[in-house]
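Same chain, two partners: chain A is paired with chain B first, then with chain C.
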Partner chain A sequence: MTKLDIQSGQAAPRLGVPDRDALRETLQKQGILIAFALFLVGFSLMSDRFASWDNVSTVFRQVSIIGTMALGVTVVVITGNLDLSVGSLLSFATVLVVDLHDQIGPAPAILVMFAATLLIGCVNGLLVGYGRLNSLIVTLGMLSAIQGLTLIYSGGQNVDIADQEGTWFAVFGRGFLLGLAVPTLIFLGLAVAFHVMLTRTSFGRRVFAVGGNPTASAFSGVRRARVVFSAYVLSAFTTACAAVILGSRVMGSQNNVGQGYELLVLSGVILGGASLLGGSGSIPKTVIGVLILGFIQNGLLLMGYPYYAQWLVTWVVIILAVWLDVASKRGAFFTRTS
Partner chain B sequence: MTAFTVRTAAAACVAAGFGFAASAQDTIRVGITQNNVGVDSYQTTYEQAFIEAAEADPAVEAVVLDAGGDVARQIGQMRDLIQQDVDVIVIWPTNGQAVVPVVRQAHQAGIPVVVTNSQIAEAGFDFIASFSGPNNITQGQYSAQMMCEALNGEGQIVQISGQPGYTTAIERQKGFEDELAASCPGVEILETQPGDWNREKSQRVMENFLTKYDDIDGVYSGDDNMGVGALNAAKAAGRDGIAFIGATNFAVGYEAMGRGEYWGSVYQSPVEDAKNALATAKAVAQGEDVPFLNYFDTPKITQSNMDEFSKPVF
Partner chain C sequence: MADTLASLRRYMVIPPIWLFLLACVAFFSVLTDDFLAPGNFTNILIQTSTIGIIALGMTVVMINGNIDLSVGAVVALAASLSVGLQDQLGTLPAVVVGLGSGVALGLLNGMIVWKTGVDAFIVTLGAMIGVRGLVFIYTGEQSFFAMDFAYSDFGMSTIAGLPTLAAIFLVFAAIMHWVMTATVHGRNAYAVGGNREAAEHAGVRVGRHMVINFMLVGFCAALAGVTLSTQMGASTPNLGRDYELWTITAVVLGGTKLAGGAGSILGTLGGVLTIGVLRNGMNLMQVPAFYVLVVMGVILIAVLFIDARVNRRGAGELRL
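Let's look at the complex of A and B:
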């Protein structure tokens, strides 16, 4: 697959000058999309099951949890911050909504869970936004703190929903609408909403301003603290949505169910080309980044590769994607600056 | 986690105080450092059962500690127990390799060590008095026998294993595969992928298996938690006639068995696990002859005999 990409890159200089510029521009802007397409073609050639509707819809459903979380994290990353607490937060929210489901009913359980989860998002937002503390340290600390909170709440017990067939709560993780899985619809629906928010509203512009040029945005009257605070609340919101999907899909929850998800989410966001320095990133590309991760796992499994190959390949793909992104921006694979 | 730490710290102080006050001539002082109480229901129930069994036995006085999954903290707790000069130490290793040196220190200090639930690395075998726990190889063999019976010795199955690198996962997989190859050659394992003890991950793996294979007759999962995830996937895809065999019977697995959706599992009680550990420690402290590998019984549980077992608490 890399070979193909390099070939297309080498083919470029032979074309006329305007075409070459156009191609370069396309490569720069849509590098991740092209890489994604190459992946799909490669996997389709190697496994006849890969390109089936069943399989594609399965992968969309499988990535919907990680993907939904990645939407909020993308906003946080664009502001120039990190959110490593989302994995723990997912465990907390899922345990809470599943446990409360049998005690107070589905709708109140969802409401209480959203309130508690958003509250934790507010704590992150207060510390990073208004407290101006380093986001890596704050959210890494919150990762442990929330895991502890989850264990205290549950006393270490797994929680399960007793009436798995009868509850309407099942619709979020297991339902279908017009032939599409509800988790996929939630994920893509939220993606559209977040995309519109980031590209068509003044809040979206402030998010990019705060991450891209904090000084200039401060002089322009953008309140950094408020924007960062909102970003963390949005991140908690998408994690809460993901918890509803996860709880409904599994109909139970382990205390550490979200462990490690923060890195998967962040991988998807980075694959989508969002800069960890802030100021850049886009929802459609994050969606593609998450899909790439999902299709790699699915494709390698369909081809019968062992799990360690998946870890290795996932890592290689992330490095390659980031490298291609950087290389296309600076026009070279290596720099000579010393 | 804070609550547990505070509680265990308090327990340690109280126990230490008692130790000095009563000088403990008649009672056997058992110190235990657990892996990570509260992280799952099994370990939580284990701790409760251990404390109950110790309280019920007037000859035993227990110092109950929990490492919270932290190797460094567990090494510190081992040193504390050596300092307190307890009669016997029970350790649930956070990491089979990393605790070997401190187990050796206890051995050198003349305090016998009993390893519970998960075995330590072979380098430490000379320094421990006994291992008390489930025989995961046997559990894997039991599951293979049940699979063979469920499929009448003929069929294609997939395996969803536990977290890669975990002794429990490795041993169950080995016991299962060896027994199946030896006594049931008609059943073929199409593929094995890890489910990381995670129900959602297992569900995803099974969805991919169902896409990949048109004919799956059976699924073996390293524990029921993952087994129920696989069952969820099969039900969602409308695929019937798959025999689900697990290990470590969970409440969800027990219930699915009651509904006739889950074929069988291996019944591993944390209460038996804890009682066996305490009994082993007591026997070792009293100088009795104890087998080096002191397993407790983990019987097969299937739809037909599940009435004989109470529903697991986890």
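Let's look at the complex of A and C:
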């Protein structure tokens, strides 16, 4: 049995090896940051175009959709739940906003899309929060149901926007402000807002409390159901924002455009060090996790590797990142199970 | 006598999903003319055999309290290898390599879960992405066609009136049922999932046990990839996409708990057939395929909801 440190709730450091403990603590707390820095240095050494402003801003723009979705999913994961429905939800929201754009105009389209998407988030929240059902299965069912809804709505047809040059809707995906791409600004702006919400408000503290210790938080008067419900609504909200970026950038949408995004987004969140058990995770680290995914893709492409090589590297990186985290908490690299 | 009855009840207890399955069968029999036709049942069996074979392995892994998200990618890997290598190696060795790839990947997943202690969800999530990448690199994003017609003939063949693929699924299900109810390995699977520490203290070699199960589910996924490609006489790099989600749906419908320690092959068989019957019946009723997705999602959540209400454990649990 490991002794628990009462204040941090983590395994107490063994006495007598201060240097290794300090190293371990740094690795544990800032491992993702160190890995990120090593990545950047490595890639910059191997490709001279990598570290250019153009390239870096391109990567930020590329990860903005997954990154925006990851913000909401981070909140859900901190409460100790999963949201596998965000990929389907992204397809649904993008098809809806693009299709409605030509029928009722950009602003009403965005409003209707947000209302519909948040409504689906509420269904998730009701089932997992108030219904106390297993989040993996609920959102798996919703993944299928929302996919069906999208197809029923569009009749299986792809949708697109007729007047792609004239509409101000283009600004969300293609615009630039003060030299920065609007998708990047939306992503980083929302990231700051979510960070403040999680670290500076009582709602944020309740999110961590519910995920970290449900029983204790319940006795302290935190209403788990309400917090979890809000988390799913926030997740739907960030997905809706991502849909605006995606729809505006592509000016059209396929019915399955978000297929597989749920697990990519989750990889970013996990790379950022959020535990699937809940109670831990942070927005800046999720942003870094998503950026690592983006920079892996970008760096490998610049070095001339085939497109799919990034998926192999992602495989290794995800497992290594979580392994380091688990190992530093355990104080040993390997388990002792026989 | 009472003991015999009790043990009979323990083994013969029918998973509730079978009642739902019966209701579905009755429903579609009344509403459509063709549902009860003899050819239709073998049809359903063939259609469900792919997901069904994977679900058998997944059941054991989930009873362990683990999960395998990489099965869909393994389906594509095994199919691509066993079709793509036919020219160089000959058909049978190519199939062996395909099946071997699944077992090897299961070994890798299992060893990582065992030795590093990283959650199986994360390990297999990574593998799902990585193996899909491997498939795309290996195939060069191309579909492969089986030049050996014996390969695609196998997918169409029948044994004693039953399609071979359906027979493979049913025989495999029977074997797995036996393993889970009558062998030490099966008993250990429940023990590890129910209380891992207790199982460890009782002398179960938990790590090795879990590795075997990951190899089993890897084999199942690879076998499903091979049978699927014999059905089509071809393989595509996108084969098996979303299969992990369908498989988990079938297993959960069958009553296996995500937390581990509970579940059965009989239940999984019921879950798999339920999905097959629903899809087939709704097709016969000419319901557009889009609605089937919605219905499947709603049923999955409804089953979870009913299960939670009926089998609520720890009624004294704090509710807010």
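Quick note on the criterion: the second predicted complex is superposed on the first by the 310 of 338 C-alpha atoms of A that agree within 3 Å, B and C clash if a C-alpha of one lies under 4 Å from a C-alpha of the other, contacts with A are read in each partner's own complex, and residues count from 1 in each chain.
The rule we apply is simple: contacts are C-beta pairs under 8 Å (C-beta built on N, C-alpha and C of every residue); 3 or more make two chains touch, one makes a residue touch a chain.
Keep in mind that this is a model prediction, so the values were computed, not measured.
Visitor: When the two structures are laid over each other on chain A, do chain B and chain C clash or fit?
Guide: The answer is clash.
Visitor: Which touches a greater number of chain A residues, chain B or chain C?
Guide: Of chain B and chain C, the partner in contact with more residues of chain A is C.
Visitor: After the superposition on A, what does A:142 contact: first (chain B), second (chain C), both or neither?
Guide: Second partner only.
Visitor: Quick one: classify A:326 as touching chain B (first), chain C (second), both or neither.
Guide: It touches chain C, and chain B stays clear.
Visitor: A:308 in the overlay: touching chain B, chain C, both, or neither? Say first, second, both or neither.
Guide: Touch partners of A:308: chain B and chain C.
Visitor: Quick check for you: in the superposed arrangement, does A:199 touch first (chain B), second (chain C), both or neither?
Guide: neither
Visitor: Looking at the overlay, what does A:174 touch: chain B (first), chain C (second), both, or neither?
Guide: Only chain B; A:174 stays clear of chain C.
Visitor: Contacts for A:220 in the overlay, against chain B (first) and chain C (second): which applies, first, second, both or neither?
Guide: Neither chain B nor chain C is touched by A:220.
Visitor: Pick one for A:254: touches chain B only (first), chain C only (second), both, or neither.
Guide: Only chain B; A:254 stays clear of chain C.
Visitor: Do any residues of chain A touch both chain B and chain C, and if so, which are they?
Guide: Comparing the two interfaces on chain A, one with chain B and one with chain C, the shared residues are 147-148, 151-152, 156, 306-308.
Visitor: Using the touch definition from the top, list the residues of chain C that touch chain A in their complex.
Guide: Going through chain C, the ones touching chain A are 69, 112, 114-119, 121-123, 125-134, 136-137, 200, 205-208, 241-242, 245, 248-249, 252, 258, 288-301, 304-305, 308, 318, 320.
Visitor: Within their complex, state which residues of chain A touch chain B.
Guide: 49, 52, 54-55, 58, 61-62, 65, 147-148, 151-152, 155-158, 160, 174, 246, 249-252, 254-257, 297-298, 301-302, 304, 306-308
Visitor: Mind pulling up the chain A residues that touch chain C in the complex?
Guide: 84, 127, 131-134, 136-138, 140-149, 151-152, 156, 215, 218-219, 223-225, 259-260, 263-264, 266-267, 270, 276, 306-312, 314-316, 318-319, 322-323, 326-327, 330, 333-335, 337-338
Visitor: Can you name the residues of chain B that touch chain A in the complex?
Guide: Going by the criterion above, the answer is residues 1-4, 37-41, 43-44, 164, 191, 193-194, 198-200, 203-205, 207-209, 211-212, 225, 228-229, 232, 236, 250-252, 314.
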